[in-house]
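One chain, subunit A, appears in both complexes that follow, with subunit B as partner in the first and subunit C in the second.
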Partner chain A sequence: MTTADAVRTDRPPALARRERARTPATWVRRGGLSSLVLALPLLLVFGIFSWWPIVQAVVMSVQETNLIDPPTFVGLENFLTIFADPLLPTVVRNTAWFALLALVFGYPVPLVGAVLMSELRRRKGLYSVLAYLPVVVPPVVAVLLWKFFYDPRPEGVFNTILGAVGLGPYSWLNDQAMAMPALVLEATWAAAGGTVIIYLAALIGVPSELYDAAEVDGASVWRKVWHVTMPHLRGVLFITLILQVIGTAQVFLEPFLFTNGGPNHATLTVMLWVYQLAFTSIGNSFGEATALSLLLAAFLAVMSLVYFRLTRSWSQS
Partner chain B sequence: MRSSRTTALAVAGVLSIGLLASCSSDDADGTGEGGKVKITVAGLLPTADDAAKEQLAERVAAFEEEHPDIDVETEDYEWKASTFTTQLAGGTLPNVFEIPLTDGKTLIENGQLADIDAQVRALPYGDDFNEALLANGTGDDGKVYAVPAKSIYAVALHYNRNLFEQAGLDPDQPPTTWDEVREYAKQIHDATGVAGYATMALDNAGGWQLAAGANSRGGVIETFDGEQYTATLDDPAVAEHLQWLHDLKWEDGSLLDRTDLGWGDINTEFAAGNLAMYTSGSDVYNSLVEANGVTADWGYGLTAIPTSGDGGALTGGTMAAVTKQSTDEQKDAAVKWIDWWYLSKLQDQDQAVADARTRAEADPAQAVGTPVLPIFSKENYEQSLEWVADYVNVPLEDMTGYTDVMFDQELVPEASAAVQDLYAQLFPVVQAVISDEDADVDALLATANEAAQQAIDG
Partner chain C sequence: MTTVQTPSSLRTTQPAPAVPGDVDARVRRRRRRLVIDSGERGALSTADWRRPLVKHTWRSMHLVLLVLLVVWCLGPLLLLGKFAFTPTQDIQSTPLAFFPNGATTHNVEMAWTRYHIGQFFLNTVWVAVGSWFVQVLVATTGGYVLSVLRPAWARALHWAVLATLFVPAVVLLVPLYKIVVDPPIGPSLINSYLAVWLPAGASAFNVVLVARFFDSLPREIFEAARMDGAGPFRLFRSIVLPMSRPIVGVVSVFAVIASWKDFLWPFLVLKSDAVKPLSVYLQSMANVDKGTLMAALAISTLIPVAMFLVFQRMFLRGAGLGGAVKG
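Presenting the complex of A and B:
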């Protein structure tokens, strides 16, 4: 064996290089190209409509722009402005308040509705349709309708109804304390139907033998719900909860259309503030708006992660 | 197997290409068919009725006949801070658009308006503008970026004459002090159940009307010492006007219980007979006719805003500007349109008559002769009114409370620096007073003032 031979044979790096060089061809032969072409439309759609805007948002959060000329780099100034703004605590508090109210009132409503409906023997379809109906109403129409209900005059729909039992008249949306609960009420009405359908679908998956067995054992309705229905709904409940929290943290439509954040900032939420920063100031607050929405996105991402960590052990049933 | 895979690949490939193709943009080079210059211009309020649209269409047709090389397309337009910025960001503003008088300086500083100095100066009346008004559209470089157009107004008190009569009040003797307004409002509410008074409270319009109230009581929301702008939202006159609103709402119950009324909403409520008095620009009657179906025999009354001390009427108005992206040809065409639609009717008898005739002959008729302040000079304004005297169809005899004093009353210009930010800080305080009997006005104003000063300092 000559030195040259030894050199030639003991050259694993070169060999590896040659193998690496063949990799794309192997990849193509194994159908990689076809997979890529098949995935391309989806990648493009996501890329153009989801990922690219995210990248742009990150870039814009460190820029200042007049929306016409090329933007200028300002570093973290937008974030600092947001943190220094006295409105920040207000909008965070309002958003949390909306989320809490929606959780306390809005979260159990569809569950109770679905469980009750699954217990029905007849006309189940009719009740499902009734429950789902509000979801079909376009959100803007629903809000306008409820705005009409919330008419603060004594002749207003809700005030007339409540007046019949000696209550009111209430100012509803024109009252700082009442405005947010009024928004939550409409939001719950509008969204509950969709969740009811999800729960009903999950309930179909509960084997009826379990109920039969429970009945043989003499279980009450309450015990059946608690020991048979609920365990089967657990996975779905976890998902709807996180969806609800993410959804309520980004609430925009109701405060925007009902009150535009008023009265006196009582219903100004994070997303509405983002919108106002971006679009209702003729100054240069576009960067601050993107900075704020990035902060919200980061917060929600972290929260979702923590949530899934915490609940992983429970939901694997 | 083989063929289906090929098909799938082909379909996927085509989809991707189609997607990419649809993302590329075209158009917008400014030339229309046959080498014509194409411009889009701000037209009417989105709520305008058919008669107003027909009148505009007639004026467009006449313009295109006069300028065969220009193709004009109108777009519904209402100046709102929100839609304006959205259109600015999306690059979808019409070539000719309207802005509030006071936003001119900010937009020029931000570099958001096109330089139309040469074109405006070349107009036959280019040097005749009321200098104080034109200053709002002139940059620090002395160039013109926007011109006063449409209407320059003072804030005035609008009232429903029928409700006055129903409450036993003489509609020819409208209130002249804020105390009287309060008294009348209560009397109307007690007699008819309808709210006697209402104020805009939504968005910057709420702050704008609070400022107007404060100005009428001798206060200002911003001072300038020659070098530095200072926010004075905590001026006693601001608090005084808020206290007045508070008393209407919580002591008399005569204030319309709504914190969500903007510029258009309050017009709608007024036209529907749900409130008796409110303040807005002296020219709002045009919009009441155009968008809310108010007619000359509706019972509309207009009078000057009550003033006390050295208070005056807040003035404002609209300027026409051109988008920065416009080509030179478009800028030329745009200024020609500004001349045609907004200004020539004040300068040229034929134009004045043509405009007034199409407005008056529309079905239903559009307002002709609504009192506004002069863009050029008082003489010019009176001359132009004389030209169209035959077509004036607004109930001028019901507006004498305003027209008798419009040239003599004290006028207060809007704040110069960051005015929209000042309004944005003020409207939540108006909402607070209407929605909370125990609102701490002084504390709220102190906080608002701090934020306003930050906005001024930028």
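Presenting the complex of A and C:
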């Protein structure tokens, strides 16, 4: 910003005079109009479907509205209703539990897989195709298929497999304690491949001189992996961690299709609650739904900010 | 930020050309091998690979990984494929047995004829095509203005686009619905494909990706074209667009995958059967006969998986790029 200002003041006087003398005609001749026309798709689409809804979110959160009658201003009432709702602690706890489980299941596995795969000398393509395959399965298909796998009867797919080693039968999605881990397991299956590919792409960038240098110093294989390969992934690991948390905090599909928030609200997440508040008869309040989504967004923003502050010194690699 | 460098490991893994007499192919293969031997390497050196202990440890780790990948990633899909041809009572009672009462095509026929999977499939294609077009149009024209034309207001526009990257999707859900129900111009967009196509275009990620790519194009070519009298539109159509084929490819892959995956938004705005995409329809099928459901799921998986296997390099490159840009 400051450099640009400096440049502007340093301009030769002739140019500055011409700018002062700018008329609509010179603006058009210098391509001002064509820039505007070319920017039009972006301006329209972003204006109507991104910038305006963001403003609307704030407006709607202080309104009582059903999208038909004219909205009425209610101040912070929507926020207060959300805070007073006995479901709020449950929903927050469930969402945090989902995010935590997703980290425990889904964070180390792609990392180990990618590091192993980066040492492959042949058939790397086969491995990455296999790893990425679940990512291209439509998520609704994946959930409905896994829902069938989680059949609570002893004849269910997972219960048959576990029965072979003398475990179960488990009631999976009907069990309050087990439902959430079951959801996360499917979500991990669906998403891990994408993370593997991101890590693989990052691992290609490790300069081979670093390995050569480590070998000159007599480093063993494991030391090379630990002291050269892993540090190189640090930046990507920090980013994927925060992106995964932001993503899992907004999980909707799995709780909606697997359990619809049940059993006994054990899988009701924030996003599902936003949906129920706005679009089902449970709440039918668009105001409360936007208030809740703004709260989640604010929390995520603060969390990311703190995260980047805390890790700033480490992530610069 | 490096944008469209092909990750070289993926480049080296493309299937070797099959024609033995093809000299070009042989040269290419040799060059590829040279690349492997010279620059690229992992933590394990050639010397490491010669040591028996290291070799056997890593070989067996790779083998275990392969088995895990097959069971964990491919297994559920193989099962789904089997279910599609298994009589419903067998699916229910002995899901893992290998066709105890024979295979059947009844499920597939039911899914196709009675539940019109094909029709919903076409709807999905239509949703994807429109989203793709809007995304490419917005990203290329927007990126061109931000990176090449750079009018005085480009900086402000750039920040306004970037800022939306930091707004989580959850915030937009309800207000976006309100705008689609009652848009500033025209009638309600509920049950209109526009309700999915247009919001898809508001992807800051695409715009940033394309603008970064345009930044890397040589300015001299633009200057030369301007000297020859090309205006902004001509420059865009004849110079910038042809040069940006790689990035348009990446944006296209992202666009198609994303619209194929999307559920919640189409579920809210495409309610009538005439426009519903597959994902929304499958969800409403959850209670039909298990055999038919499984066949429908299998059919819905077939095209994305086939597309992935054909265009795997593009998919994998795009996915890796996603991380590179996010990083």
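One rule holds in what follows: the second predicted complex is superposed on the first by the 260 of 317 C-alpha atoms of A that agree within 3 Å, B and C clash if a C-alpha of one lies under 4 Å from a C-alpha of the other, contacts with A are read in each partner's own complex, and residues count from 1 in each chain.
By our rule, a contact is a pair of C-beta atoms (placed from the backbone, for glycine too) under 8 Å apart; a residue touches a chain by one contact, two chains touch by 3 or more.
Predicted model only: the values in this text are computed from it and were never measured.
Contacts of A:N260 after superposition on the shared chain: subunit B is touched, whereas subunit C is not. Once the two complexes are laid over each other on the shared chain, residue contacts for A:V45 go to subunit B and to subunit C alike. Taking subunit A as the reference chain, the count of touched residues is higher for C when subunit B and subunit C are set side by side.
Contact with neither subunit B nor subunit C is seen for A:P181 once the two complexes are overlaid on the shared chain. Contacts of A:S171 after superposition on the shared chain: subunit B is touched, whereas subunit C is not. Look at A:G113: by the touch rule set out above, it reaches subunit C but stays clear of subunit B.
Looking at the shared chain after the overlay, A:G163 reaches neither subunit B nor subunit C. In the superposition on chain A, A:F279 makes contact with both subunit B and subunit C. In the superposed model, A:D69 lies in contact with subunit B only, and not with subunit C. In the superposed pair of complexes, A:S34 makes contact with subunit B and with subunit C alike. When the two complexes are laid over each other on chain A, subunit A has residues 34, 38, 40-41, 45, 48, 67, 275, 278-279, 286 in contact with both subunit B and subunit C.
The part of subunit A that touches subunit C in the complex is made up of residues 4, 31-32, 34-36, 38-43, 45-46, 48-54, 56-57, 60, 65, 67, 113, 116-121, 123-142, 144-149, 151, 155-157, 160-161, 189, 193-194, 197-204, 206, 208, 211, 215, 221, 224-225, 228-229, 235-236, 239-240, 243, 246, 249-250, 252-253, 256-257, 270-271, 274-275, 278-279, 286, 289-290, 293-294, 296-297, 300-301. Those residues of subunit A whose C-beta lies close enough to touch subunit B in the complex are 34, 37-38, 40-41, 44-45, 48, 66-69, 86, 152-153, 171, 173-176, 258-260, 262-266, 275, 278-284, 286. Taken in their complex, subunit C has these residues touching subunit A: 7-10, 12-15, 36, 39-45, 47-49, 54, 58, 61-62, 65-66, 69-70, 72-74, 76-77, 79-80, 92-96, 134, 137-138, 141-142, 144-145, 149, 151, 154-155, 157, 160-161, 164, 166-179, 181-184, 198-199, 201-202, 204, 207, 231-233, 236, 257, 260-261, 263-264, 268, 278-280, 282-283, 286, 290, 293-294, 297, 300-301, 304-305, 307-309, 312, 315-316, 319-324, 326-327.
On subunit B, the positions that touch subunit A within their shared complex are 5, 8-9, 12-13, 15-16, 19-20, 23, 81-82, 84-86, 88-89, 103, 106-107, 110-112, 201-204, 257-260, 324-325, 418, 420-421, 424, 427-429, 431-432, 434-436, 439, 444, 447, 450-451, 455, 458.
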